[in-house]
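Could you have a look at this structure, given as structure tokens, before my questions?
Here the chain labels run A, B, C and D in written order, and each chain numbers its own residues starting at 1.
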Amino acid sequence: MDSLKPLLDEIVADLRARTDKGRVADYIPQLAKVSADKFAIAVAPLSGPVVTAGDADEPFSIQSISKLFTLTLALGQIGDRVWDRVGREPSGNAFNSIVQLEHEQGRPRNPFVNAGAIAVTDIILGGHRPKEAIGEILRFVRFLANDDAINIDRLVAQSEQAHGDRNMALAHFMRSFGVIQHPPAEVLGVYFHQCAIAMNCRQLAQAGLFLAANGRNPLTGFNVVSSPRARRINALMMTCGHYDGAGDFAFRVGLPGKSGVGGGILAIVPNRAVVAVWAPGLDANGNSLLGTAALELLVQRTGWSVFG
Amino acid sequence: MDSLKPLLDEIVADLRARTDKGRVADYIPQLAKVSADKFAIAVAPLSGPVVTAGDADEPFSIQSISKLFTLTLALGQIGDRVWDRVGREPSGNAFNSIVQLEHEQGRPRNPFVNAGAIAVTDIILGGHRPKEAIGEILRFVRFLANDDAINIDRLVAQSEQAHGDRNMALAHFMRSFGVIQHPPAEVLGVYFHQCAIAMNCRQLAQAGLFLAANGRNPLTGFNVVSSPRARRINALMMTCGHYDGAGDFAFRVGLPGKSGVGGGILAIVPNRAVVAVWAPGLDANGNSLLGTAALELLVQRTGWSVFG
Amino acid sequence: MDSLKPLLDEIVADLRARTDKGRVADYIPQLAKVSADKFAIAVAPLSGPVVTAGDADEPFSIQSISKLFTLTLALGQIGDRVWDRVGREPSGNAFNSIVQLEHEQGRPRNPFVNAGAIAVTDIILGGHRPKEAIGEILRFVRFLANDDAINIDRLVAQSEQAHGDRNMALAHFMRSFGVIQHPPAEVLGVYFHQCAIAMNCRQLAQAGLFLAANGRNPLTGFNVVSSPRARRINALMMTCGHYDGAGDFAFRVGLPGKSGVGGGILAIVPNRAVVAVWAPGLDANGNSLLGTAALELLVQRTGWSVFG
Amino acid sequence: MDSLKPLLDEIVADLRARTDKGRVADYIPQLAKVSADKFAIAVAPLSGPVVTAGDADEPFSIQSISKLFTLTLALGQIGDRVWDRVGREPSGNAFNSIVQLEHEQGRPRNPFVNAGAIAVTDIILGGHRPKEAIGEILRFVRFLANDDAINIDRLVAQSEQAHGDRNMALAHFMRSFGVIQHPPAEVLGVYFHQCAIAMNCRQLAQAGLFLAANGRNPLTGFNVVSSPRARRINALMMTCGHYDGAGDFAFRVGLPGKSGVGGGILAIVPNRAVVAVWAPGLDANGNSLLGTAALELLVQRTGWSVFG
């Protein structure tokens, strides 16, 4: 991995020079004010130190990348019964679409569209109070990243809540079918806080390591999930991790990945490494424009695609 | 690969004992009369002989697996301009759905749903006559499999044509948007013949070898496609190769694959091997029920998943 | 109108004898417990006393018939600006569908589907507090019916609220597009109370009289709406008043009408009379099964269809 | 009706002065070349001569107004079994949409959307050859209008056929569900000819008279349909006669009507008269912009709305 540092620097230089940076999410002011010029990349190998370039120590809002962590947590709690509530198929629709919910009796297509992630959060909420569930999710992310400095950006969480009508609609709709069980305001209280977790690329790459290492976190030695479950989560990231851009991400990058509207992407290179990128400008599907381009470059240069 | 033969025999024995075999496609009599008890598996390693078990020398109708070969052929003819006509995203809908075509101006979601494959066939038809295009496709499949004994089952082709209203609807609909350019009857004349190609599992596994070997067919030494294009085709198989069951196939099997309603599945193990299975009974999404189960077992035992 | 009484008695006798009474709404216990054997009809002529038969003095939950009264009230408050927020087209979908809202930027198709009625209630809410808006609606209905004994069934309203997730979803969804402006909980607080207004057929027929009499209530002499507006409200009832059964109601009955899941239907015979029927059993579209049959009989015998 | 002539002249003068004339249909050259300045109106009273103004003796392509005549013909042939194949509800979608066909097993929503009219034509085709069916339809229209000078514009028919992919898609799609039974090319051969019937406003108004006169054509004394059937056809025109603009037409005009993309509208005033208008420019829903405005004016001045 010694040769990675110059490669990452080269990628940062290349992408920083691009003029089309995509469009920073602006549905809440806290995201809108982030500069489109930010760019970071971090590669965490299975052993050895994380290699980074760019703004890799600056935290950003992980947003939907949190869906990966809550899915893992819920699977740990109730196992494959998660799939009684949430499907495993790409949606062919926007991340916040409600159309399929009506056509499919309130059952979300997969845990990485908003509806599915809300249903997963409802599972985690269990009998707890929202505050406890938020604490549990945060502790789990810190445990995965092996870093207790990770925190929630409360301003982001509040702002999400103030602009949360679309997600409230999804939650009430699912509840009318019995797919979620807690009051929507409580479920979304937790959901908006998980989306507001702030991490830097270094932390994010570390938090994903268990998925590249057959379920065992090499930083801590803990078995987070079983080896088959790690593979399955990777499979879900591949087919559903980029909303209605999952096919294109697989086509161009060829790695399981999960994106967030904060501009972050977490990508898994099975048995090798984890890559986290951050570039706030988004493409039409809500995925990081330059983040995807950076991963495409990295895979071209390293040959890390899972597809040969 | 020496140890594969006993494993394949074991898988065949296991699956033959199962009572739920799914439902054989019955929309045309030629498919309906195939016995649900047929079962075959063939593994073609990058070097060395194909290993088989079950009815691996009995030809069956490859149906939608042909979409993989025509896509490869069309990419060879007009390169990435294929993507001007066809998308690369999973559809979230049934293989023969027309709803998204109306919502998306007649542009098919990907080359592996019926509409997309018809658009690809329209490309191959080019200025040729249907008979010539059919000949070209057949020659290409023989070239890939390195086997000139492969043929088209004319009865199947005729029967498809006699029951082809749904596909005719897709073709006319796309033509109303200018997405296909030839008369629908001609395009579907070719399409129904490509679907009626009959192959056995041995031939099918061989025909897919270029996708496991960075684009080069190890049987013949010919470079079929470039290495990046092979990866990209694999990616499309992963996200779109099993219709509205692609997510589940990735979750359970973890390999790029393409299924057909004849009960065949072709799966790629990058840099290792190609697997072809055949079991005529289908699941609700139109994918081989026991074929998928066989691949799941094989991957569990070999660790061949691309996801770690 | 003297000959009406025997005709109404005959209709009641005929319908009471029928065995297929439809299915009483059971989404809340207060509606589920109403007997499917109830049946009432009342005809209010433009002048002279109301003629009734059956349980015409027994109050029932008017449910969606209230949408007619709130639309009239909102039109009185802000005039044709109502149509900036709500369309005037039949939906071709179920009364509580959310699909079209997503396809049409949150704008409800018409004021008689749930989403549209919620948007109308948002208008009435204006700057008021929910309690005041509820009072205003109740006063308006009493004024129309010229009967201060009309009241709200608080148990029904509370029960609706406890089962209101689907409507909450519609409200939050519209709010995410700016179509409604007040907090969904407040809007639905009013909406559930308007739906819980209890009236008998006599009162209901009287409350609709202004629509048969060019906008002027002949009981009180008050001009409720202008003559063109009365015609337009009748037109909306004809094309949108029976959800996805409006075409069938027009075909069979041929009068503008508005139904409610409590089993009531209010039908307008322009320049002649108003008819209110009540039979709690519903058809598949949520319209009163025997109520529709009764109106069909009545129109056959009286020749009151607007269609010749 | 003596006072009608000055009123019609006034309406023509008013509308001719308007600058926004809508957009002439341009999907085939024969329609595209018609001048947007054409304007005609004809009123046929139940007795007495037709009153006209503008270009009322100039024939135009009746297009979808023919759906009214073929529905009447099919009802005469197989009675209410027509409704086994076609629904009676507004679609909430564009005239040529295929989405609902997929969601509703190939059954068209009503006989006035393209799919429904094609299914009706399939009924008329019966065991006949296309040429015979075309002849029968033409004879029926001449019989209704009491005018043998009415003809089919063969150039229009041919041009429709050359641009008929969307309708071919609808026909094949329905045939895949068994909703239509003849080969789509034959059904559409008839359909395109019926759409290409050319009539002037005088003829059109006369052809609709039976619908205003309880089923009996006052010109000829023939009973075309029974009185209840006349009412029901009027009801269908009201709820479904203007595609996804039916609600608006009822709201503004308040008469049963059927429009065509040639710019014609036929409107029924039960027990009084029939009105035909022609203005080639269309609104966004494909209905005559100025034709609708003319009818709105006429009804305002005459009080002919069925809604009071």
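Keep in mind that, in the parts below, a contact is a pair of C-beta atoms (placed from the backbone, for glycine too) under 8 Å apart; a residue touches a chain by one contact, two chains touch by 3 or more.
Molecules present, by chain and UniProt name: A, B, C, D = Glutaminase.
These figures come from a predicted structure and were not determined experimentally.
Q: Once the contact rule is applied, which chains count as partners of both chain A (Glutaminase) and chain C (Glutaminase)?
A: Looking at chain C (Glutaminase) and chain A (Glutaminase) together, no chain touches each of them.
Q: State the chain with the largest centre-to-centre distance from chain D (Glutaminase), centres being mean CA positions.
A: Following the centroid criterion, the farthest chain would be A.
Q: Centroid of chain B (Glutaminase) to centroid of chain C (Glutaminase), CA atoms only: how many Å?
A: Computed from C-alpha means, the inter-chain centre distance equals 55 Å.
Q: Report the inter-chain centroid distance for chain C (Glutaminase) and chain D (Glutaminase) in whole angstrom, where each centroid is the mean of the CA atoms.
A: 32
Q: How far is the middle of chain B (Glutaminase) from the middle of chain D (Glutaminase), if each middle is the mean of its Cα atoms, in Å?
A: 47
Q: Multi-chain contacts only, two chains or more: what residues does chain B (Glutaminase) have there?
A: If we look for residues of chain B (Glutaminase) contacting two or more partner chains, we find none.
Q: Under the stated touch criterion, can you name all the chain pairs that qualify?
A: Pairwise, the chains that meet the contact rule are A-B, A-C, B-D, C-D.
Q: Could you list, by residue number, the parts of chain A (Glutaminase) that touch chain B (Glutaminase) in their complex?
A: Checking each residue of chain A (Glutaminase) against chain B (Glutaminase) gives 87-93, 100, 109-110, 211-214, 227-228, 230-232, 234-236, 238-240, 244-248, 250-252, 254, 256, 268, 270-271, 300, 305-308.
Q: Within the complex, which stretch of chain B (Glutaminase) touches chain D (Glutaminase)?
A: 97-99, 101-103, 165-166, 168-173, 175-176, 184
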